[in-house]
Amino acid sequence: MKLQQFLGGLENVGPVSTEKKVFVEEWEKQLFGVHMCMMGTGIWAWPHLRVKAEGMNPLDYFKYRYYIKWLGGMTAYLVERNYINEAELEELTEYYLDNPDAPLPEKGNPAVTDQVVDYMFTGDNPYRDVALNPEFKVGQLVRVLDPASAVHTRLIGYLRNKVGVVEEVYPKAILYTDSVPTDSISTPQPIYRVKFMTRDIWPERPDTDDALFSEVFETYLEAA
Amino acid sequence: MKLQQFLGGLENVGPVSTEKKVFVEEWEKQLFGVHMCMMGTGIWAWPHLRVKAEGMNPLDYFKYRYYIKWLGGMTAYLVERNYINEAELEELTEYYLDNPDAPLPEKGNPAVTDQVVDYMFTGDNPYRDVALNPEFKVGQLVRVLDPASAVHTRLIGYLRNKVGVVEEVYPKAILYTDSVPTDSISTPQPIYRVKFMTRDIWPERPDTDDALFSEVFETYLEAA
Amino acid sequence: MSDKDHGHHHHLRETESYYAARTKALESLFREKNLIGQDTVDRVINFFDTEMGPFNGAKVVARAWTDPAFKTRLLADCNAAIAELGIRDGIEGENLKAVESTASVHHIVTCTLCSCWPWPLLGLPPYWFKDPAFRARIVREPREVLKEFGVELTAGTKIEIWDSSAQIRFFVIPARPDGTEGWSEEKLAELISTEAMQGLDVVTVN
Amino acid sequence: MSDKDHGHHHHLRETESYYAARTKALESLFREKNLIGQDTVDRVINFFDTEMGPFNGAKVVARAWTDPAFKTRLLADCNAAIAELGIRDGIEGENLKAVESTASVHHIVTCTLCSCWPWPLLGLPPYWFKDPAFRARIVREPREVLKEFGVELTAGTKIEIWDSSAQIRFFVIPARPDGTEGWSEEKLAELISTEAMQGLDVVTVN
């Protein structure tokens, strides 16, 4: 079990943060900018970041602030793929530690900026124009499967083995990713909006009529 | 989900400790002695300690050394049950912090020592002399149930929803505890030795013929 | 580099100045390798200050509160409806879905697997949304978490939670508060917090 | 107590001297309240140095290696067999079960829910057995964990794991090493580590 794939419903984790800032340190903005550049120029995509996040020590996942984890994931990925090497990164890090006001090089590729902005307005539409033959229909009871632990998943841990009802069959097939290993969501497939009663997920909680909705890839479901 | 009830199989937790000492600090011996006194005189039993351990913040559970957690659990329990109060404990703690060589009071109940030693040689036999009508028999396939999160459980998290085969029906009914809330193991009942193939529990691992045995209370099982 | 220097820097590995220096080193390498433009980072940050931010969501909610036909279209096809207001969609909003909170149903959005969030309407997610403790607790103990955000629902209000995991990004139209009859859309929009548009706040007039 | 003192002590709350002082305070209160005897703690510690310890387990293994009939009885009824050697059972050993490792099957004992351990045969559990990382990993990645303990099984050896959760306490008879033919039980017993009797070590002659 990778804890990050089972985060929802984990008990006794203490108070929540109500911090409303997006970036809590200035360097986080710069890191985010580099990340968007990587997204917009195709160096990586969300699933690559998620593979890193799900592969972390779960205690470190809780310990480190959001963008500190990104920094670790981004640099590890860039080194693995030979975009940069650890030695040059470390050397420059030491340089900027000793010279925090030293300027960045006045170099770069000006075309990247427009490419990134275009990308942000375009996004990555996940729909794929392949035949949709959904196995389940609106109103049907479905059970969420309990597949093996994967490098990366979009299966919400607390929904495993739970039964819900299909509320909507989305109109087109969705490709999640074709660039990282997953538990079988790398081919375009139907997704469903499934409604669960929270009393069925957490029967030990005070009873309510509360509901929870999740969009679930077809490969994660069976008829109940 | 209480992580402590799902510890087995948790991934990416880093290297194991190979520390062979039982007590890694001298004070731990004294704490253990007081704990055995509590056990031997009926002040508490294992399930009380486990309730505290399973109710901890899971990150603290990983963070604190074994007997540091016991210290927290023991003192919290003793204060809740009015054996001691937090103010007197805190006051004396400060006294011994400032006077680490100050002696303990030359008082106490000499009869306790023999009682505790007798208890250690006697133990707590869990068998109860009630009719045993086991629902499952040797060779039968059984599935481990997936009940609601409990204050205290002896259901091993990674076995939920897994199927194994009954290898032995234990000869007498077992009472787990009648003094703490559990998920229905507070009445004497059959237990079974169930054999699981580890490939069925962790199919993502390299395939082997390895097996895993667990003694499971009847209430945690259904026919598969 | 001497051992002393190495120890010095090793000691700094978990400080903000280390993270800042490493990030600066990263952008510096990207510039050297022509992987980024000199103004790319600034333009990205500016984009979320001006193009995609909670000001978009607040405008959409104010219109939905004042124009029932618009609200119907918004609930049916969120991307098409926001285009009517000149709001462009894009990344993390290719497929938006609006849900409406009322006196009897309170909607909450979360992403327990990561931090999916409707960027075109709300910009980037605030820290609380990304915090592991929030994501762990909100689905199982929503009322307790709402209390920590200062929100107490009236008894009998049903909660509906949207836990994003595929490709839809959810957006909450909060319940319109009493005492705002006849207000302009601009004045209404000022009442609406980012948190209200994910269900962690309710809109009030004081 | 002044604020300064309070701050001083608050600062110490997670130090060994704080834990030591708090433990001493606890026993002190137990003495004041007549809940404990003055020699109880010493007698408990002494008990595990002299009555219940790995010396018992090693004696049992050495006998099992040299007396096949005893081994048969040990595997059939562990509590009765150890009584033959004058070893008393008791707490955390009311129901013992011995399992035998061979060239083809290697047994490992763990307790992923807490730290169940056969006290009458092995005394108290060492730190590694109680460590959360060990308990998390041993059931899913036993070969990797064995390597961290310096043990490499020969290819093709099957692993059988005993995860205690009810009332049986498991004990491993390790495989007897080659080159020990004709050794006395005393000499054999010296070879046998605590770890070997839970499957985290193999017995060797060097």
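Chains: A, B, C and D, in written order; residue numbering restarts at 1 for each.
Here is the rule we go by: a contact is a pair of C-beta atoms (placed from the backbone, for glycine too) under 8 Å apart; a residue touches a chain by one contact, two chains touch by 3 or more.
On a predicted model such as this, the values are computed, not experimentally measured, just so you know.
Chains that touch both chain A and chain B: there are none. Placing every chain at the mean of its C-alpha atoms, the farthest one from chain B is found to be C. One finds 43 Å separating the Cα centroids of chain A and chain D. Here the spacing of chain A and chain C, counted between their Cα centres, is 15 Å. Taking the mean of the C-alpha atoms as each chain's centre, chain C and chain D sit 52 Å apart. Residue numbers of chain C whose C-beta contacts span two or more other chains: none are found. For chain B, residues that reach two or more other chains under the stated contact definition are 9-11, 13-14, 62, 158, 202. Chain contacts in this assembly form an open path, with each chain touching only its neighbours along a single line. Every pair of chains that touch is listed here: A-B, A-C, B-D.
Put simply, chain D touches chain B in their complex at residues 1, 5, 9, 12, 16-45, 47-48, 51-52, 88-95, 110, 112-115, 123-128, 130-142, 145, 148-149, 158-168, 194-195. On the side of chain A, the complex with chain C involves touching residues 4-5, 7-11, 13-22, 24-34, 36-37, 39, 41, 43, 46, 50, 53, 61-62, 66, 68, 71, 74-75, 78, 83-84, 88-89, 92-97, 100, 104-113, 116-117, 119-127, 153-156, 158, 174, 176, 191, 193, 198, 201-202, 205, 208-217. Residues 1-3, 6, 9-14, 55-59, 62-63, 146, 148-150, 157-158, 161, 202-204 of chain A are the ones that touch chain B when the two sit in their complex.
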